[in-house]
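Step one of this worksheet: look at the structure below.
The chains carry the letters A, B, C and D, assigned in the order they are written, with residues numbered from 1 in each.
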Amino acid sequence: MKNFLHSGALPATGSDVAEQWNHLYDFLVGMSFFFLLIVVGAMLLFIWKYRNAKESDVVPIKDHHALELFWTLVPTALVMGLFVWGYVVYRDMIVAPTDAVEIRVIGKQWLWNFQYPNGEILTNKLIVPANKPVKLIMTSEDVLHSFFIPAMRVKKDVVPGMYSSIWFKARESGRYQVFCAEYCGAAHSGMLASMYAVDQDNWERFLSGRKLTVVLDEVKESQAASNGTGGRPTLVEQGQMLTKTKGCIACHSEDGSSRIGPSYKGVFESEVELTDGSKVIADENYIRESIEFPLKKVVKGFAPTMPSFKGLIKEEEMNAILAYIKSLK
Amino acid sequence: MSNHEGSHHHFILPVKTGTFIWITLMVLTVITVWIAQFNFGALNFAIAMLVATIKASLVAMFFMGLKYDKLENRVIFIASLIFFAIFMVLTFSDLAFRGAFRVQQPFFAESGSQPKFANPWKVTPELLAHGKAVFETNCVTCHGAQGKGDGPAGSAFNPRPRNFTEEPGWKNGRKPTQIFATLKNGLGSMPSFASLPLDDRWGVVHYVASLGPNTTVVTDADLKSVGVDPSGAVSAAAKTLPIDFAIERMATGN
Amino acid sequence: MSSAATVPGENYLNCEKGLWSWLSTLDHKRIGVMYLFTVLFTFLLGGIFALLVRIELMSPGRTIVDADTYNKMFTYHGVIMVFMVVIPMIPAALGNFILPMQLGAKDVAFPRLNLLSYYIFVLGALIAASTLFLGGLDTGWTFYTPYSSQSSTAVTYALLGAFVMGFSSILTGLNFIVTIHKLRAPGQTWMHLPLFVWALYATSIIQVLATPVVAITLFLVVLERTMGIGIFDPKLGGDPVLFQHFFWFYSHPAVYIMALPAMGVISEVIPVYSRKPIFGYRAMAIAIFGIALVAFLVWGHHMFVSGQSEVANFVFSLLTMFVAVPTGVKVFSWVATLYKGSIRLTATLLWAVGFIFIFTIGGMTGMFLATLATDIHLTDTYFVVAHFHYVMVGGTLFGFMAGLHHWFPKMFGRMYCERSARISWLLVFLGFNVTFFPQFILGAQGMPRRYYDYLPEFTTLNRISTYGSWLIGLGFLWCAVYLFRALRSGPKAPDNPWQALTLEWESSSPPTFHNFDHNPRVTHGPYDYGLIRKEV
Amino acid sequence: MAHPTTEHHYAHHFESAEHEFESCKQGMWLFLMQEVLFFSALFVAYAVFRMFFPEAYHQAHHALDWRMGGLNTLILICSSFTMALAVNAAQRGLRERTVWQLAFTLILATGFLVVKYFEYSHKFHVGILPAKYFHVAELIGPGKEFTDPNVPIFFSLYFTLTGLHGLHVLIGMGVIFWILLRAARGEFSPGYYTPVEMVGLYWHFVDLVWIYLFPLLYLIS
């Protein structure tokens, strides 16, 4: 029964709270169908039964107090019960255990930065320990965003000038999708992040800056794409992944279409015209400069809106991104 | 509509009653001001509101004639106040209980990443040179290399970017503190440059101020007005960690 | 006053001729008709945007437009549909025409104010529409700060447009309240008022009480943009969530400005076509006011994840639960009215039946969103999109269509083709469910709303939804065709084609300039079907 | 005091002049109802930020001169009184007195705006502007420095509240002038004085709002 209701209709159940949430949701679905069946069933039955009945056969019933009382009081009791149930689950959703791992989140148009206790900052990549409560303390740099992990059934607006928080405990390690759920402008739908729940050993490795022993999903995907050559992904593939995780593709397409900024396709070593009319060759230096100081040399026809990524991209990552852009002839 | 017929007597407020109400209102106003001179703590607010409500009731009941009006009209007016109260109470059910998470927001307070220049509000030739360098990376696209507002990207904007070499037309004024505020908050199409380090910003401010005629100097009073304590690096106003500073630190990871 | 002598065949449509006689008319019927055509035009506009939005969402990534354009399209769809279609649709268009007639009055209390309201509405709509040529509008219809105070699009004009339209709504409400209080015909006691009047009465009260708050709120955002007052700007010490309180203090009751009149229409239609008194008249009237009152106490349920305090979440969730009770009473009473009636399944009743089906789904899914825990996951996803379309489109629009088909012969003196009307209903009803039911599943799966691009796994349901939207479009297109044909060459309508008992049917079709040839006197309840005959 | 109604032609959908008058009056009360709610959002915002930043409110109110505010309160109360007298005169058919009282009301309203003008221009001069443009170039006086960072938000509310109220005063002056002309033309009588009474209600409401604004803005301890 549960599988029938959930298959395809709900995201994965990632935590114990999500499990509780599912029960409540199931109840609501059942209740809705029950009432819908009563209302629509009765309606169709009456219409069918009394269609074209003679007007003289009409029984002019004006009211029935007992019946009315019944369908006032029963729903009242029902919704009160529903409120209590909803509130009980809600308490579990918002009150974080005191031993939760705290990770800070900053939303900005249109990416997520995650700041870890060890000082690491990752963009659009949230690494958390599995089976341990995690509390996210979030704020925004510009407009409203909303941090939403469907599998954990948690969501909270990220508000400038204010800290909001959510918590969850992922049951299993793996990749979970993160969305921005509050409309925040042009690339709202590109403001995605991946959450990776890793086991205790890897979490400690991550905190101490050592190499993880697990291969994160996105790398696995690219392995499959690289046609079974095995081993680590190529530099170009890494670069492609990075443009996704850093949020670049929210504004820069890889297929030649214009978004907020120019497309990567064919840009490398081409001559681009800048807003001041001068022309530059888009070589490694120019692209790197544009990533770190985006407002310095803006391509003609585009607004100077890109945030600086200085300090957010490691040298190795920069190399991979450049290699990737170079590959898009 | 028989219920509307008949010779209903319009109530006419007698001049004598009106005069009495008027005098009472004047006296109550004087009382409000007088009481405000004493300090009863939280009670002051309650007293002020009580007196105001007495005055308002007098106006509504007599001048507006609600005391003698139809029930319907009385209900209408009182209902509007009830819904006002609902609005207030339910909004406060959020805001009065939100305190813990709120970030106190200083408006011009700056704070101390390790600056290259101490007290950057004091002009020095080195700071000016530094400001020129910062200007050339961040501002020339719109304001032009000479600061004449003729930068290449500037042509896209309406109004055009400020010409720094002219005296008139500065929306926020061209005292250094005022330029500083513009840098911090942005103006029209110009984005905020609050993310630049403090001394970078002051450098730009001095450089921009030096481009035009009649360079003004920063006085201690000016600095105070933007929340900078002239004697030290951090303003006393920044008792709590300012949010943009916090974000800056978080984003750069130090 | 004595009844005006009428020339046979003369009615409100032909008593004066020329465009100017329309533009300067003080006749509530003509103003109602002008509203009707204005609203139908804006509905067409909003509908085109809706179809474009759905086409863009046919496949992930770019389909026809870029992200910026998409954001503007859904914003225009929302702004037009909310402020220019569903809010004025029933009260201003149908209400203006029908309300005074149901009361037995010659006009609304303040005819000049009524015309002024219309022009204010048009002015506001034009100001808002001017943004189309001034850089567009990309904030979403909710205008949430700080995005709306920072967006470089023509937000200021859109806000001013909505601000101006707000006053049209307020003045219409004011006018209706006084009309209902003061202009009832002899015998038209409170307990003899048709439920449509009750519904418009409650609606008007909401309009007068709530609309000024959104007016000032939008104005504050204008000041924020132009003068930097910073009340909603966290950088200046303001609070962006406060905007949401102000906004929803109006916009939640506004949902009932949209839904209550539709409920009123349904309460008119069902007794007429089942030849039976409405079940539980008194409870129905009380329920209307119950809903209107609770409407003001529940706005915070739009903000469960906004960062508002847990106390507020608790209070608002609890209060929201009570909306279900009067709404349930209404739905059950409608169904009970059908019991042992003599059902004539006309197109009008079909729209009403469609209303009950869709509104029940809309209401039940509202429970998911009122319940704190489930709301956390579902809010800001397509679940919400589906829910409010089930309430707004399924509710208001189906109610409007029922009302339009019910009163069309009275308004224009022509009959439409019943068969065509049923086909149109079938297309819209099927199309609606095909469009929006998949969106419940999309939302439960976690697809956030206002997304230009989406993950590949959401493709199938999105595509089904888009196909459904074409069915809806087709249905309304067909509806426009047969109604237009009826206007031009439909058979002449009798005065009371549906044998209804409410007062508006006592006048000729179309009504004369003064509505009635005699001064009407009410001697029976509005729904005394089967009771009057017995007395006779 | 029921007067013959023959001199006023009421609209065709009313039964009598009395009926029309009562309807208009109720319409006016409903209009005032929406006015209450119109101002309510600003009062809620005022209360919210007062709760958040009590110290800022306290510091900021030093920049407002309670003498000016008090004077304006007295002016408005007087104008309310003259308005009440004008309505009284119109009800009794005293045409000349109606005109005079309305003229007094207009003069007092002008006085209110003049005082307001001095207050505003002083603030603009010293750099007290809505929050984003707030830049105080000079200190207000010894011991009255703004040290709280949220002072500007108070002035945003001050300008919005008093500005909107001022706008109401301005509109009020317009309609008072309009009925003054009509009264001078002798259009009103004991049988028909609806516009005078309606404008009177509006004007008292404007006074009513100020009665609260004065202590809320000028007298914060």
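Here is the rule we use: a contact is a pair of C-beta atoms (placed from the backbone, for glycine too) under 8 Å apart; a residue touches a chain by one contact, two chains touch by 3 or more.
Everything numeric in this text was worked out from a predicted model, so none of it was measured.
When chain centres are defined as mean Cα coordinates, B lies farthest from chain C.
Annotation: C-D is the more contact-rich of the chain pairs C-D and A-B, by number of C-beta pairs in contact. Averaged C-alpha coordinates put the centre of chain A at 35 Å from the centre of chain B.
Averaging C-alpha coordinates per chain places the centre of chain A 51 Å away from that of chain D. Note on chain placement: the centre of chain B and the centre of chain D lie 24 Å apart, centres being C-alpha means.
Touching of two or more other chains is recorded for residues 160-162, 164 of chain A. In chain B, the positions touching at least two other chains are 1, 4, 72, 79-80, 83, 87, 91, 95-96, 101-103, 105, 107, 185, 243. Across the assembly, chain D contributes 15, 19, 22, 26, 30, 33-34, 37, 40-41, 44, 48, 52, 131-133, 149-150, 152 as residues in contact with two or more other chains. The complete set of chain-chain contacts reads A-B, A-C, B-C, B-D, C-D. Considering their complex, residues 152, 181-186, 209, 213, 228, 234-237, 239, 241-242, 245, 249, 296-297, 299-300, 303, 307-312, 315-316 of chain C touch chain B. Within the complex formed with chain A, the chain C residues making contact are 62, 66-68, 71, 138, 140, 144, 146-147, 150-151, 234-235, 238-241, 274-277, 279-283, 305-307, 310, 313-314, 317-318, 321-322, 324-325, 328-329, 331-336, 338-345, 353, 356-357, 360-361, 364-365, 367-368, 370-374, 376-377, 379-381, 441, 444-446, 448-455, 528-531, 534. Residue ranges of chain C in contact with chain D, taken from their complex: 1, 105-107, 109-111, 113, 170, 173-175, 177-178, 181-183, 208-213, 215-217, 220, 223, 227-231, 233, 236-239, 242, 245-246, 249, 514.
Contacts from chain D toward chain C in the complex involve residues 11-15, 19, 22-24, 26-27, 30-31, 33-35, 37-42, 44-45, 48-49, 52-53, 129-133, 149-150, 152-153, 156-157, 159-160, 164. Residue ranges on chain B touching chain C, taken from their complex, read 1-2, 4, 72, 79-80, 83, 86-87, 90-91, 93-98, 101, 103, 105, 107, 185, 189, 192, 243-244.
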